[in-house]
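Shared between the two complexes below is chain A, which pairs with chain B and chain C, respectively.
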Partner chain A sequence: MSSRRSRSRQSGASRISDEQIVDLVSRLQQLIPEIRSRRSDKVSASKVLQETCNYIRSLHREVDDLSDRLSELLESTDSDSAQAAIIRSLLM
Partner chain B sequence: MKARMQMSSSVVKQEFFKKWIKGMQIYSAFNKEMTIMERKRAIKLSADVAIASTRSATTQWSRAVVADVSTSAAGAARAAAEEILGRKLPERKALATTCSKKIVRRSHQRRSKAAARGVVRSSAAIAKKLVRNRTRVLKRLVPGGKKLDEISLIKETLDYIACLQVQVDVMRHLAAAAESLDHQQISF
Partner chain C sequence: MSSLSQNPKKTLLFSAMKNPNTLKKKLASRFLKAMKKLKYKMSPSPPASIAEKKRRHRAVRAAAYASMASAVGPRRAWSRALLRKMKGRKRARRNPGNMNTRFGLNHLCDIVPGGEAMDSCSLLNETAHYIKCLVAQVQIMREILHSSSSSSTIL
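Up next is the complex of A and B:
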């Protein structure tokens, strides 16, 4: 850290990007249901990143599960029912 | 960094929904009788390309999703993607997988110098290492994240999560609607 301070030009740049990172991390925190209600000064950057990763993984899983569900729903609809025709014309 | 498109959530949802349906219709035009697995793939790929296309290549993650589809998709999948994007996809190119494998191997071989010396780290150093490790995981989860610096990565993540939320929301609503239609008896 002290070596960075002695290089004045670089220390200016790293100070700006530290603020930027703090701002971006708090914006991330707002997006994540698990931690958005906590005070931003109480949640560490590493915690926000960890919860971000968990949240993205759970969203990926949901997309996959919903794709599963939808593929079954379209398969199981009775071929001659009115609602099957509606769903099919809308989707497939 | 390009300005992020500020669109209202409902506008994005509508655009996503329309493009998603278009993609699925192309799939069924190619193949009237699909297995459940094929149908699932059709639903998922159409959804992924549709949500990426709402960003019209202004973000790294959406470009990475389209690039991935360009290299791996063929037949119905390719046609559906092209319909959603409104353009032809570039020729299929092999990914530079050998290059990335080398990088992974190198980082696994790198041993912590402090661990080798048996040094106990300060809490600040530990926090820094945690952030670095978690950033590495995040890079793998966000499409196109690997080549980004930390600030760009977080900006991309903000946009990516917002779009994933839209995708999940619309898919959830459609599944619920299809389910309730399934359970009801509509009489004419």
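Up next is the complex of A and C:
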């Protein structure tokens, strides 16, 4: 740990402390359902980062899949009332 | 508001406390507008070819990311990076010190838009916000799908 700190001081580009990093990593931990559900405080930072990458990738895939289904929806629906209902429910 | 920018740590905390409802509403309204636009552009009746379907799929996906980026605006580095990409501008300069290998962030900086130009601290911060927006966007898209399918059910 101390070697990392001295390395960052030498580079001089940023004064990011290790605790800031740990802080942010733990914040990420709260966002990721995989890790949140395990209720363990002993998750390593690298595990959190790994899970973060996986989570974002899965979210990208979901956006892709939902886009596909929505594009099919665009073809079929054309009632304005359905759209109005959607808009109302989303923006209420 | 100016005091926030002077104190970076405070800015970080404040940005974490953003009201999720207003964000979601913003995302929803922009995405719906974009979808409406797409609908008008679509060629009407004949069954679409496979290429056309793919094009529509890509258009909806682009609209999703576009509405995410424009709803967040220039406030976030990741949304700025997405907006730059959409406008076809050059990417921001790469992070010269490349501190990202420090904690194994080298995968993350490839995944988060604009990640390669960020230092580790910003990257983690941006990632958190990016995840929140992605989750909100996914929820919106799901809700649109579900409410359309339920409203079009013929009993």
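Note that in this section the second predicted complex is superposed on the first by the 55 of 92 C-alpha atoms of A that agree within 3 Å, B and C clash if a C-alpha of one lies under 4 Å from a C-alpha of the other, contacts with A are read in each partner's own complex, and residues count from 1 in each chain.
The rule is simple: a contact is a pair of C-beta atoms (placed from the backbone, for glycine too) under 8 Å apart; a residue touches a chain by one contact, two chains touch by 3 or more.
Note that the structure is predicted; figures quoted are calculated from it, not measured.
Trainee: If you stack the two complexes on chain A, which partner ends up touching A:Leu31: first (chain B), second (chain C), both, or neither?
Mentor: Touch partners of A:Leu31: chain B and chain C.
Trainee: Touching A:Ser44, do we find chain B (first), chain C (second), both, or neither?
Mentor: Touch partner of A:Ser44: chain B, not chain C.
Trainee: Who does A:Gln20 touch here: chain B (first), chain C (second), both, or neither?
Mentor: In the superposed model, A:Gln20 contacts both chain B and chain C.
Trainee: Between chain B (first) and chain C (second), which does A:Ile56 come into contact with in this model arrangement: first, second, both, or neither?
Mentor: In the superposition, A:Ile56 touches chain B and chain C alike.
Trainee: If you stack the two complexes on chain A, which partner ends up touching A:Arg69: first (chain B), second (chain C), both, or neither?
Mentor: So A:Arg69 meets both chain B and chain C here.
Trainee: Is there a shared patch on chain A that both chain B and chain C touch, and which residues make it up?
Mentor: Common to the two interfaces on chain A: residues 20-21, 24-25, 27-28, 31-32, 45-46, 49-50, 52-53, 55-57, 59-60, 62-64, 66-77, 81-83, 86-87, 90-91.
Trainee: Where on chain A is chain B touching in the complex?
Mentor: Result: residues 17, 20-21, 24-25, 27-28, 31-32, 44-46, 49-50, 52-53, 55-57, 59-60, 62-64, 66-77, 81-83, 86-87, 90-92 of chain A touch chain B.
Trainee: Which of the residues in chain A end up touching chain C in this complex?
Mentor: 4, 8, 11, 13-14, 16, 20-21, 24-25, 27-28, 31-32, 45-46, 49-50, 52-53, 55-57, 59-60, 62-64, 66-79, 81-83, 85-87, 89-91
Trainee: Of all residues in chain B, which touch chain A in the complex?
Mentor: 21, 24-25, 27-28, 36-37, 39-40, 43-44, 47-48, 127, 130-131, 134-135, 137-138, 141-142, 150-151, 154-155, 157-158, 160-162, 164-165, 167-168, 171-172, 174-175, 178-179, 181-182, 184, 186, 188
Trainee: Within the complex, which stretch of chain C touches chain A?
Mentor: 16, 24-25, 28-29, 32, 35-36, 38-39, 42, 48, 53, 56-61, 64-65, 96-97, 99, 102-105, 107-108, 111-112, 119-121, 124-125, 127-128, 130-132, 134-135, 137-138, 140-145, 147-148, 151-152
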